[in-house]
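Common to both upcoming complexes is chain A, partnered first by chain B, then by chain C.
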Partner chain A sequence: MIKIEHLSKKFGDLEVLKDVTVEIKTGEVISIIGPSGTGKSTFLRCINLLDRPSGGSIRIDGVDILDPKSDVPKVRQKMNMVFQSFNLFFHLSVMDNLTIGPIKLLGMSKVDADRKAMDLLKLVGLAEKAESYPDELSGGQKQRVAIARCMAMDPKIILFDEPTSALDPTMVSEVLSVIRRLAKAGMTMAIVTHEMDFARDVSNRVLYMDDGVIYEVGTPEQIFDNPQKEKTRTFINRIRSFSYHIASPDYDLYAMNAEIETFCDKQILPVKTRQNLLLLVEEMLQIYNPLLSTVLLDINLAYSEKKESLEVVFESTGEAINMLDKSLLPDELGLTLIQSVTESIDYQRVNNKNRVTLILKKK
Partner chain B sequence: MKYRLIFIVAVCLLCSGFVSKPLTSLDDLRDKRIGVLLGSVHDRYASSTYPHASILQYKSPSDLVLGVKSGKVDAAIYSYDELMELLRLHDDLAIIGDALFSTPIGMGFHRDNNELRHEFNSFLKQLRSNGQYDSMIRYWMTGHAVKMPKLQQSADGKSLVVGIVSDNGLPFNVVIDNRMVGFNIELLERFALYSGRKIIYRDLEFSNQIAALQSKKIDMCAAVMSITEERKKKIAFSDPYYEQAANMFALKKNIAVSNVVSKTRQKGKSVSFFESVANSFQSNIVQENRYLLILEGFKTTVVISVLSTLFGTFLGAIVCFMRMSSNAILRMLAQTYISILRGTPVLVFLMLIFYVVFASVNIDPVFVSVIAFGMNFAAYVSEIFRSGIESIDKGQTEAGIAMGFTKVNTFLFIVLPQTVQRILPVYKGEFISLVKMTSIVGYIAVQDLTKASDIIRSRTFDAFFPLIMVAVLYFLISWFLMLGMEYAERLANPKLKRKKIINA
Partner chain C sequence: MTIQTKKEATALIVTITGRMDAVTAPEYEKKFSELITAGETFFIVDFEQVDYISSAGLRVLLATAKKVKGVSGKILLANIKGGVKEVFDISGFGTLFPMHDSLASALSASGC
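For the complex of A and B:
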């Protein structure tokens, strides 16, 4: 149905999309995953022409919509979009949010539009909120209204741009179940998401995007269980990682600890592991402290769900030096503590940087 | 009224501190406060003769008289004939000493307009030769007339715009029964008959007359103006039609030679509060059908306010779109417009538009006011519009466009309704302040509510009642307009509308 060939997009000198070619068939659900800032959202916005592509072609049922003669607003009616920030019309009630498009754009009568809107609200479970206003709804409810608003236009495809990223964790599932329901009903959809479990069970195909290209395409099983290419593998293994950059001895210790705890929360790490991790980072920073005024230090945490291992990497600039060398330490107390919580410690000189890799003990 | 008396007494007491010695001669005024009419020959005379006195320049003759009566100045200079008429009405005033000087009076013309000037001069010659002039002098100067003699209606010929000072005072020019009356007016109307012209009066401040003549806002100036060498450099004068002396006058009780002070004061005290309000009402509203003046002024104020708001809103919308345009030149133009209009006092801007921009164009001053206030209003509301539009998050626009609306329709259906809802409270305030701002249109000869009260004040010399009345009227206008706006605000807010439905 939609055939995209050699699509590219530049913002000034920045090339966000390089050469994207993909076909979306009717009834297909496609998830687009990948690291942040690799052009996933831009890709969706280019399909909808919210951002005008710099090159390539987009054909819908054989018609090139990038043709200057094409009626862009008309084309957009056929492929509506759900945004991360809901973007409901604040001056209109839920009902009017759903009917404004059909009445003004499709020429539907008010009675018909109202009836259809009511059916859609029942579908997303919000019939009783028909007369409410957007600011009286929770985030999850707003996003469900936004989805119903899309459906009201009878689109051929719905584009979801990170539909759950702005939601409270408790509200994610209500939105996802609505999308699942649409998928079952045979709606064609393209979804940019960070919810890996969801992407895995809702989609027919998964596109892994990295650095402005579609790096790997496959069924959910292929991409999540058996990725073929290196970057995909890294991403799947390190879906969740954390990094912190320290540029001076006056870094914000409390903010950093809070972020590490948030990271642990997300990974649902056991309390013991969390304590050990914090202890490890604290002792390491003690040891690095004399260097902090002259070098830049990066701390990277990576948790691999499959291996159930937590890797901590300290990378510092400056001349080659292994800070954990016993001969350089004033006493061995810190090192002993570190060794007691780690499985392995490894020092390497990589790219003119000192890299210390520590694997945390399991339990 | 009681408070007013207390206030006056307090002012008098304060003044008596300054006027320690009663005035005996003109020399006593050396270090006193002297009132003069701004731009008049008296103004020049006072500053050169009394270098140590503080000279207070008043904008209109009625303010000058009020200044003396309320003790704001110790004495003031004004023309002899007008003073004689004043003294007949106000026995608490008196003349000090002899005439200071006397000057010939003439009509003023633009220096290029010799044709009209010659025409007037030959008219004057005819008037003097057939004895009409002498009978006019008898009628107005010595007969103390207050009514215009019956004249033929002037023909509907070419219009002749004449600048006058409507509160100059009898015998020359004053407003009675809502029409111009006086020697000058009879002279003008006879001239109109003679030359087959139709007169349009422009009521301007004395100090603005010459500028108005130079910028051809008026064809002729009949402001009882003395002919001086200095003025001749700027405008041309007709042959003199009268010779007028100037005199110093003050409150009788401050002048040593006279002892008759208490008469009127006692009369004032014996009047009860309600009686005095009734008297004020009678003299300020009922007498000479003065309510018609107020009514006319009221209409003018409302018309100017409403039209400038409409024009200003329209222009403001255009400026706002220029300001938000992606075109750098349009943006800069809009920004310059906004800075200039907001950085200029609206009065100065109004005069600029009237005397400079529309110089040499005969244009209705009401129209000029609407343009000036509209342009000023536009500068303020365009920024209100902009902040309103920018406060609507871009996401909604995107959602509208993604849905298939064109950019224009997204703005109309999504952004505009929310903008209106948000800016109305601020817009309302701006609108009310515009209504009040229009009170300065008197400067360009528009007879609005404020000017109407000035004219009444110039006849009754009662500052309290006309001012309070006008204040109340402005308040009522603002209040009603505010009610209308609040209604609009409710319409624009869907939630309030819904509550109404639920309650019903």
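For the complex of A and C:
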């Protein structure tokens, strides 16, 4: 359906896309993941010609859309884009947002356009908001309207550019469930996303982009569970885990807490879990405090989606010592709190380091 | 973190706002010491605005309670809720300190 070969894009001297070659087949759902600033959104914008590529070719059903003779507005009608910031017409009602394109560009009658718009609003669960204005809707509702508006143009493919990034975490799932429904219905889609669980679930293929190229392509299982290449492995590992290095007793607890909270946000962990996690980390650090002027301490958090468990590892240099050994503690207050929020605690001496592994209780 | 105090008959109501953790604990301990040195003996600590407590916060309360006992005073806690209450319960501190659901209840129990 879409065949992209050697696509490149430069902004002045900055080469954002270097040499992108990929084919998207009808009915495929492709997720595009990767670090920020690696060209994912530019790639989508180039496919839709919102940014003019600097080189390469894009063929849709055999037609080279970069050919100066090709009819760009017509090409754009075949694909439609959902933006991070919704891009609704704020002066138009929800209904008019959905019908303006079909009436003006496809020549559809108002009656037909209204009927189709209502069907699509039902599909995204917003029929009752037909006469509302975008400002009266929540972020999640706005994005669902934006998706319905895309569908109103009968596109062959929808390009999603981080459709949930601007949303409050509570609204992410309502938008993702609409996209899932479209995927089930066989819609061809390319989705730039940071929602890894979603990308894993919904995609046929995942493209990992890094530094302006498609660095690795694979099934969701390959990319998320068994990435073959180094950068993909590092990226996947990092989004599932968090590390903090402490080299002095004067560490900044609040800076660390803020980073832990960001990690919890990314994993969409419940408030109770994050409270328990912050308590666990602080209590552990209190216990390690006497050592911190002489040893290096690494804290690693890893969330396993499959097991829905959060593992916290404290690894310290220095001679073999289990800091949670009751006989070494002045009292058991901290340990009691740690035990109350964990389901297991394990000490091991590994590679000349002391490793304490704690699994947080699920509830 | 902030500490506000208000005299109510013989009791000093100490309202704490924010976190009682390893960072703020030394300041709380210092403040309580100053109040005891200034002659206060009877404290009601209001936890309504406290959203987090760790062992460092509990230790401050324990140290303060010891000092208060040394001057034949007493310390009551009020409005302990949610995650903070859980920490009190797990640590056994819930049984060490008289806890009240409201300031009014703490004041009436104290005979003020």
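Following the convention adopted for this analysis, the second predicted complex is superposed on the first by the 239 of 363 C-alpha atoms of A that agree within 3 Å, B and C clash if a C-alpha of one lies under 4 Å from a C-alpha of the other, contacts with A are read in each partner's own complex, and residues count from 1 in each chain.
The criterion applied here is as follows: a contact is a pair of C-beta atoms (placed from the backbone, for glycine too) under 8 Å apart; a residue touches a chain by one contact, two chains touch by 3 or more.
Predicted model, so just to flag it, every value in this text is computed and none were measured.
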| item | value |
| --- | --- |
| Touched partner set for A:125, first chain B, second chain C, both or neither | neither |
| Chain B versus chain C as contact partner of A:282, first or second or both or neither | second |
| Per-residue contact with chain A, leading partner among chain C and chain B | B |
| First (chain B), second (chain C), both or neither touched by A:50 | first |
| Chain B versus chain C as contact partner of A:90, first or second or both or neither | first |
| Partner chain in contact with A:77 - chain B first, chain C second, else both or neither | first |
| First, second, both or neither for A:35, with chain B first and chain C second | neither |
| Partner chain in contact with A:218 - chain B first, chain C second, else both or neither | neither |
| Which of chain B and chain C A:254 touches, first, second, both or neither | second |
| A:100 touches, of chain B and chain C: first, second, both or neither? | first |
| Chain A-touching residues of chain C, taken from the complex the two chains share | 21-23, 52, 54-56, 58-59, 83, 87, 90-92 |
| Chain A residues touching chain B - in the complex, by the definition given at the top | 48, 50, 73-74, 76-77, 80-81, 83, 85-93, 100-101, 104-105, 131, 133, 146, 149-150, 153 |
| Chain C-touching residues of chain A, taken from the complex the two chains share | 253-254, 272, 275, 278-279, 282-283, 285-286, 333-334, 336-337, 340 |
| Residue numbers on chain B that touch chain A, as the complex places them | 392-393, 395-396, 398-406, 409, 413-414, 417-418, 421, 494-495, 498 |
